[in-house]
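Below you'll find the structures, each written out as structure tokens.
Shared chain: chain A. Partners: chain B in the first complex, chain C in the second.
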Partner chain A sequence: MGAIYAIASTTLGEAVRRKVLLVILLLGVGLLIITPGLNQLSPRQETTVLLSFGLGVIQMIGALVAVVLTISLIPQEIERRTIYTILSKPVQRHQFLLGKFLGSLATILMMMALMTVTFLLVYYLSKHSLPINLLAGPPLFFLQMMILAAVAMFFSTFVSPLVNFFLSFGIYMVGNLANPLFESLSTTENQLTRFGATLIHYVLPNFANYNVQNPIINPGSMIANTQVYNLQVILYAVFYTGILLTLAVVIFDRREV
Partner chain B sequence: MKRMKWAIPVLLLLFGSQAVLQTKIDPFWKKYYAPPKLSVPGLGAEQVLVALSGFREVLAGIMWVRADEFFHQGNYDAILPLVRLVTLLDSKQIDVYVTGAWHMGYNFTDEDQRSDRRYLVPALQLLREGVNNNQNTYELWFELGWMKYHKIMDYKGAVEAFEKAKNFEDIPLARRDILAHAYYKNGQISDALNYLYELLDMNQKILDDYPGNESARIGRDTVEKNLDQHIIRMAARGYFAKQRGDYGPAGHYTTLPPLEQMDFGARITVTEPGVIRVVGTLGLAPIGARVRIVLKDQSYDLHLAENEKLPFSPELPKDVTYMQDDLYNKKKRFARTINMSKDPAMYPFDAEKYDIVFSWSPRWAPASIQDRLGWNGEAMDDKRYLNIPKDDPSLRQILCTLTITKDQILQRGEWRDKKVVVETPGFVEVQEEAPKYRVVPNTPGTPGPAKST
Partner chain C sequence: MTAAIRTENLTKTYSSRWTGKRNVVNNLNIEVKEGEIFGLLGPNGAGKTTAIKILLGIIYPTSGQAWIMGHDCMDVQTHYQLSYLPEKPYYYDHMTGAEILDFYARLFHIGGLERKQRIEKLLEQVGLAGDARKPIGQYSKGMQQRIGLAQCLLNEPRILFLDEPTGGLDPVAHIEIRNLILQLRDEGKTIFISSHELSDVERICDRVVMMDKGDVVKEGTLDELLAGGRVEVIADHASQEMHDKLQGNGAIVSLSDGRLIVDVPDDGSVNQVLDLLRTGNAQINSVIPRRKRLEDLFVETMTGGGV
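== the complex of A and B ==
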């Protein structure tokens, strides 16, 4: 446990010093600050635009941070040969992998928290109120990024960072499509298409589960039992992250470094 | 490999668990979190624009600003695709539904350069889609009702829409009284009066709560004036007497016979290919009546009531011709030249035969004419073209249909170089009066007075 913590805290320390991540974060915070200026795009829907853009920025920057950070964690250690120093100590490979993942997760959490606070501040200054349902989105976005980071971590054990970047974002796109795609294709008469849609729906990570911004942006309906839903999606994130990390450990354990 | 044997059961367990969870998550997500469903079969904004999932509303705003620029440039054709895209991206943009429908229902059908009534169908469809996607506000029901009331003169449909609108709490008081007018136009006189009484009570209550408020006083006074006017008019027309069953002898009410003969007649002359000169008579003096003329494919009708329920599509049936215009009746005569030759996209003339339908209903007429002829045209008659609709036997209206062929209207085939005239039997043209010019007095430094002709 000590080894995992040590690797995680080192990863966090390295990540916050990485200029590329700081630039992405600054971009996100900057976009959030200018959000009220977009109100003129839709004079009667200022709140809608503010919420849509704000939550969209948190999600987009969160995804960018998750992928850019995680794709390079393992390859960088191998390239710099620092992995030999670490693995020569009493550190198991799975501990190394888990430490790296938790470190990247802590970085994503920190950056998303910073953006969320900025957004809440901007919203409050713009609207002089702070609806409680605003807080429903970012925590679930974080869970989404946790799965995305796990996807990137899984691929980073056997592909190069560039390929990993496109693979991870590809999976993220398809995973965001999962629910509507499944809904549309599951009613088709073609059995092969139906089977394919079902397979994608249950095999690939379903990122759409965490896209809960619609009722926040367009309030109007009462949502019952969000606690049960939230518990389900938390468990889903934990299980799916578990699957990806287990696979990553299996592959990384067999890999010659 | 031996070391990793633990992984298989762990993976199977985790995988099974997440799949079971997903089956639990699906219905809840679909019910509460899925983006609003659009009434476009097989097309969802989330499917097409997944990459923009977080910014749909913002992108919609940017596109709408662009559409506004096109509007100010007069480039109306460029607006419709943007309206479609914006409403797909953000189905909550009420202004886009309203303005888009207004473009199609008014700008595309009323301008001198364009009078394409086929656009009424997509205009209504867009409003319907807006209503379905925004069920928490009165606004789109109101707009749907207004288009039917004012533009299409479908008063039954207008009543239905305004009744829906009035049930929403966000409807301003000043917009509520349109329902009374729609009731009245639809022949629901007692409903109109009852609703005006209801509105009067509502306005009076506000005035009682805010005694010094000028706008509350104006609101109350306006409703009171409308109510008085309705009561006086209906009393003068004998409505209340009929209700009581003591409708008096001739002369006591404005609408009692003797019947006025409308003597409707019309003549169409094709002056050039695609250009027609319409002259006709309608025995209504002096002014205020407009005769509707529709030139359409014999086999085509707008069927607005059925088609408005279909998904919105800005695409028009390209092979259909549907022209509609109003002919201003002055001193019992109307005349107008209608040019359909300049825009073959709007008037393709693909069909072989066309109906030219003239119609006039007392319900479209101003109140001054209704005072004379009655709400239902009780005091009007026409020897040839009086029509009593099957779905409203109380109404007496003018309806006349003439037929013209493609060759005639385009002066082709055997009609090349021939004068084409289609007219009602026994048509007698009323002589057009020469225009009168005002005599301008001579003033120093200007030419002499204009000559009176």
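== the complex of A and C ==
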């Protein structure tokens, strides 16, 4: 556990100094600060615009941080040869991979927390109130980013960072459309299309489960049992991440570095 | 006594679509005794770093086996007994010297107080105590190499693998690192060096193996390998007759103002030279045996004597 913690904290320390991530974070914070100004686009739906844009920024910037950070973690260690010094210590490859992943998660959590605090502040200053359900979105987005980081980590064990970037984002986009895509294609007459839709639905991670903007933005839209729903999506994220990391370990364990 | 490092038919094969199968390390059989400094030499692409990576369990051999202190080298537990300084090492440059040592010490599960004490001691030993709070990004190459050696010593290893430990260092840093290696040998550590710096290897190694294209082409102790050099004899009051008699049989002879300088192969012919000089009443001033130089042997071995 000590080795995993040491690798994770070093990964976090290095990640928060990466200029590209800081620029992405600054972009997110900047967009959140100007959010109240967007009310002019739709003066009658001020709150809706503020909420949907703010939550959207947290989600998109979170996804960008998750992918940009995670795709380079393993390849960079190999390229700089830091991995040799680490693996020559009593460190198993799975500990190294897990440490890197947890460091990446800690970075994502920190950056998303910073954006959330900024958004809450901006919302409060703009509306002089703070609806409690606003806090439901970011934690679910974080779970979404945990799966996305696991996807990127899995691919980083055998593809280049550039290919990984497109693969991870491609899966993120398809996974966000999983529910409507499956619903529309599963009723089609064509068996092959139906099979393909079912396969994608079960194999690719369902990122759409974590898009809870609608109940937050529109009070009319409700989740029947919030506690059960939250438990389900937490278990789903943990299970899916676990599967991806296990596969990543199996591949990385045999890989020549 | 168990060998510190032993390999048996260790082979690593890489396959490429363009070049087909290629043995980067081919049936490597070596045995390194505890407490010796062992040198692995060879030109670029000889397979030295690949061999080290296999011994460290970083890559897998295609066939054959290797043992560290009697245990399979793929067993991560062996890593408690060894350390590795890679060629051109890179450390997280946002960390200070003390922080990087703390990071590596945590990987060995060294507890808080002991960790702190060991780090302080090592920083002192490698001469970086004054720069411990400086980010590694600001370290010179020599300082980075010294922090690299410090991280190698954190676990008080019995075996050190040093890949080009003095490569690219200025002369002062060069000597410092070399002395540090000798000091470690005196402390009883086994040191496995891969290097191009043949003068260093000649000065510090007990035994060497030369590799070329994955194969071992020469091995032995330095005394064995560098024996059979030449002997220089200097004598005064020598005559032209002596000069003429000594010519030939591989001897290089020069005579100037009665001073005769004879350079002969170290194969017993020096006795004949000395006998001749004594018989002719010449005054023998010096007899200097000169070993072969490792550099000459290396070039001779790698080029088949063609240079």
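Following the convention adopted for this analysis, the second predicted complex is superposed on the first by the 254 of 257 C-alpha atoms of A that agree within 3 Å, B and C clash if a C-alpha of one lies under 4 Å from a C-alpha of the other, contacts with A are read in each partner's own complex, and residues count from 1 in each chain.
Please note the rule applied: a residue touches a chain if its C-beta (ideal position, glycine included) is under 8 Å from a C-beta of that chain, and two chains touch if they have at least 3 such contacts.
Keep in mind the model is a prediction, meaning the values are calculated, not measured.
Under the clash rule set out above, the superposition-derived model of chain A with chain B and chain C shows the two partners fitting side by side.
Contacts of A:59 after superposition: chain B is touched, whereas chain C is not reached.
In the superposed pair of complexes, A:88 makes contact with chain C only, with no contact to chain B. Judged by the touch definition given at the top, the superposed model places A:98 against neither chain B nor chain C.
In the superposition on chain A, A:173 makes contact with chain B only, not with chain C. In the superposition on chain A, A:202 makes contact with chain B only, while chain C stays out of contact range. Set side by side, chain B and chain C differ in how many residues of chain A they touch, and the one touching more is B. In the superposed pair of complexes, A:145 makes contact with neither chain B nor chain C. Contacts of A:232 after superposition: chain B is touched, whereas chain C is not reached. Closest CA pair between chain B and chain C after superposition: 12 Å apart. With the contact threshold set out at the top, residues 254 of chain A are in contact with chain B in one structure and with chain C in the other. Interface of chain A with chain B (complex): residues 38, 41-45, 48-49, 51-53, 55-57, 59-60, 173, 176-177, 179-184, 201-202, 206, 208-209, 211-215, 217-218, 220-221, 223, 225, 228-229, 232-233, 235-236, 239-240, 242-243, 246-247, 249-250, 253-254. Across the complex, chain B meets chain A through its residues 1, 3-4, 7, 10-11, 14-15, 17-19, 21-22, 24-26, 28-30, 32-36, 42, 44, 46-47, 50-51, 53-58, 60-62, 64-65, 90, 92-95, 136. Across the complex, chain A meets chain C through its residues 2-3, 5-7, 10, 13-14, 17, 80-82, 84-92, 254, 256-257. Listed in rising order, the residues of chain C touching chain A in the complex are 53, 56-60, 76-77, 79-80, 82-84, 86, 88-92, 94-95, 103-104, 106-109, 151, 155, 161.
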